[in-house]
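Scroll down for the structure; my scribbles are underneath it.
In this document, chain identifiers A, B, C and D correspond to the written order of the chains, with residue numbering beginning at 1 in each.
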């Protein structure tokens, strides 16, 4: 069986093949490597009734909400980083405007543990969070288990647990992959590997498709091995307005502008029309931003010192 | 507070300071980077009544057993890799000769999960192993927990769990660290990071102490951050007869010879006299093996391609 | 900029005062879990003054940050390049934080109560809130696992220092114990506000006023607090930022005045 | 060495036959979890014949191995250099194996029973065994989580093909179900021995003889088995290694005859 057959595809093909109406879709990337271009393609293709799972529900989630793709959100932080509010999300939750949003609220480590349970095919994952919190009272997914090992004082110890999450599809952005899907990420690596392993299907969007030899020169850098990946999409600058370590910096100005854009539904609609519906795909979005713009996000060089893996003589 | 103060020390100092009679000592390294030199120094300093925790109890454990350091062993594989038997271990278990050995038997993932629970301060860790095995009948540490989430068919799902292990001290070998203890490992990374995090104290033995800048040029390679490390010992070739990826190869001939050496208690005693008690430390052991010997284990170059971490312009 | 520059001789702003006061509290600590904003300023200033080799840990996975520029987020690229270690989220939350390696965690909140429990989820009812806030992030975990927690609050009002939280996102240890679970740390020990400093020793203890900033009275602070705020036997007056502290903060830590608004 | 070399024209040894037979079973598989020894030979030969792009995974953490030399251990340095991925032990056992990504796992054993349960712990009583064996390693996990398991046994004797195991280290799914837990895979589906091939479909099914090697009779295999071995409706005779298979095995896979003893 050829493990490379048909894995490399366009974003349009990948979203068409792997994201269906009603799916549970995980989009991960903790500030770094946010799969924005994939979110935009989901909007273009008009997916509906999605459950979106994302630790830090930020701009791309607000955009997907505004485009009417999402009925349910599972998250541990719903805010525009440290730069302001998510207008559409707040309207949906505070006023059910234009419709309610089902919201499942966790803490960050609760989400991490849900992905760990999902990736390891466990029925639950224990964590030392939530004792005394109101979160379990609004989230029936957060439960308690008694340890079968007595505590030091002989008592029975209780610990909170969270259930696994197994998305229908996980989409992550990464710096590079080979044609088989061996994916290398550096800088902040977040929860991407676990989110991929937890999913039925996984799409990896990369800045660069590289030769097998590049990946194989540093196998420890491969955080997502080929066997976990169903599609590889080459999409340079697909993480904008977030950043890709060593490729381009974060567009902080856009983050700061989002509060005002998203506060006004008409303005948000215009933004989607111009930048998502009005572009055929991410290459057009990138071109529309212009070379001068991208020059402003360019980064210099800080190369890792190579290590020797050795070769038998 | 100066995080570097006094962390870099000799093997003699580190073992004297951090390994006490009666301690639970974890020595990890899965075939790769086995902390042999540390085991030898524990033998030289005559530690007694140790509980040794090691997934693959192999030659260094057989040597520590023969030297009378160990009363209890916690392991998931007690064999000389694929190269033969451990004579002393078999005498201890099969014939209580010269004295019994308490033995706690797990599977590999059972041990991994014990370290995960230990490092994450969890009362237990669930895993999909042991159903139908005789291991729980001889190991009361392996228990069951009921999931608080009903299975798909509405039934209550049972899952096996293992308890945390929290060694008094964990000793691991690594390729390099900086003076603060930020430790970089490549090639097989095994369970070293979790074993360190699970321990009260941690000693990292390295092939090389490197400048802060070397470590900081590739922060993703730091698998054990400074805050988890109490001592850094520089001990080149301290993993022999195992290997250090990119530094020296495995001494397969020695592995093959160990069956015959360890089968005969007198011969095993002679080996310890000559190579452990008869050497003041690992530098002498290395010198005694000779330059020609080490040339036979030399490896060639296979450098990782550098990645760009980027620099703000 | 040099010492003669008017920038470095004008009096401290409220942000500067908060940053300086928080930075001093880091003396003698080995690890600090810093959030973005004033906690970042405090941690970076401490690295230049009272805690020169402190390991600054960020929720994003950075351990031992040595940023070339002041980070704008907890995941800023400048925190990664040149860091001592960058770890995955399971390692950061599981081994580093839950494993017990953080001496001091910094948190902020929309509301805090006298026991140091925090609300960052909603104003109003959770089901249909009047304001939806970001939620926990990692705050639940920082509170449960850091040895102690410092809170920095720009605004000191009866609504933010609440007699009863609208929602308890992040419980202090007193609430955790009532739920039958003992957390690792003692919860909030210091709250630095625009008016002064509140302190709390640990389980069973409530926040008390221990210092007021220059020009602020005890009564002002009590009036701005939503519960009957106790005061320490003797309430100190905060020592104002020294010229050296201000110079470092303004010239080296945040020369672009990203947070020093 | 070339085709005329006597090395490549002499008949297959037992090790070679076992390796070739096992390699053929890998046709169409995407991932194989290989142990050291004959499973390594089988996996590497399959990469040159029936499963050219199969991902070979090793217990040590190597995924997609492309070794320059035949590995002497599952952690041999030559497996790491040039591999597609090298992952930590928690990832290997947790996400890769328990996560359900292994199509075929290879295992060996001192004893196997008719249901494909294995003993690698002790001969005799566990408390004071006559022979202490290495134990599980990752065998418990491979059996519970790989879609199916192939077993290679050099020795086919009534003691090793046991009516009752001295100790069940690694249970097949029938035993797991009796303990109330359903494993992911179907357990052992193929056992390749020096005498022939036994097969089993899944839960509730016991191992049956499906093929004998050239020159071996059904009765010989039954006599060498510790239980009343059932046979398939028609027992095939193993197709002997082709010259091409033997040439690849001898010249390319194991030229130093590390395992081809």
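The working rule: contacts are C-beta pairs under 8 Å (C-beta built on N, C-alpha and C of every residue); 3 or more make two chains touch, one makes a residue touch a chain.
It should be emphasised that the depicted structure is a prediction, and the values quoted were computed from it without experimental measurement.
**Q** Return the chains shared as contacts by chain A and chain C, ordered by label.
**A** Chains in contact with chain A as well as chain C: B.
**Q** Specify the chain most distant from chain A by Cα centroid.
**A** In terms of C-alpha centroids, the chain at the greatest distance from chain A is D.
**Q** Report which interface contains more C-beta contacts, comparing B-D against B-C.
**A** Result of the comparison of B-D and B-C: B-D.
**Q** Per the centroid of Cα atoms for each chain, what is the distance between chain B and chain D, given in Å?
**A** 28
**Q** At what distance in angstrom does the C-alpha mean of chain D lie from that of chain A?
**A** Roughly 39 Å separates the two chain centres.
**Q** So how far apart, in whole Å, are chain C and chain D when each is placed at the average of its C-alpha atoms?
**A** Chain centres of chain C and chain D, defined by C-alpha means, are spaced 57 Å apart.
**Q** What are the residue numbers in chain B that touch two or more other chains?
**A** As it turns out, chain B has residues touching two or more other chains at 116, 121-122, 127-128, 159, 187, 189, 193-194, 220, 245, 249, 299, 302, 309-312.
**Q** What residues in chain D touch two or more of the other chains?
**A** As it turns out, chain D has residues touching two or more other chains at 62, 77, 80-82, 86-87, 94, 98, 145, 184.
**Q** Using the contact definition from the top, classify how the chains connect: line, ring, star, complete or other.
**A** Graph shape, chains as nodes and touching pairs as edges: none of the named types, so other.
**Q** Taking all chains into account, which pairs touch?
**A** The complete list of chain pairs in contact reads A-B, A-C, A-D, B-C, B-D.
**Q** In their complex, what parts of chain B are in touch with chain D?
**A** Residues 30-32, 56, 75-79, 81-82, 89-90, 93-94, 96, 105-110, 112, 116, 127-135, 138, 158-160, 187-191, 193-194, 243, 245, 249-250, 252, 299, 302.
**Q** Once bound in the complex, which stretches of chain C touch chain B?
**A** 28-31, 51-55, 57, 62-64, 66, 68-69, 77-78, 80-87, 91, 94-96, 98-101, 184
**Q** In the complex, go through chain A and note every residue touching chain D.
**A** It is residues 1-4, 116, 119-122, 178, 180, 182, 193-194, 197, 212, 215-216, 219-220, 222, 225-228, 309-312 of chain A that touch chain D.
**Q** Show which residues of chain B lie in contact with chain A when the two form their complex.
**A** 121-128, 143-149, 151, 157, 159, 161, 163, 175, 184, 186-187, 189, 214, 217-218, 220-221, 245-247, 249, 298-313
**Q** Can you list the chain D residues touching chain B in their complex?
**A** Against chain B, chain D makes touches at 36-37, 59-62, 72-77, 80-82, 86-90, 93-94, 97-98, 117, 121, 126-141, 144-145, 167-172, 174-181, 183-184.
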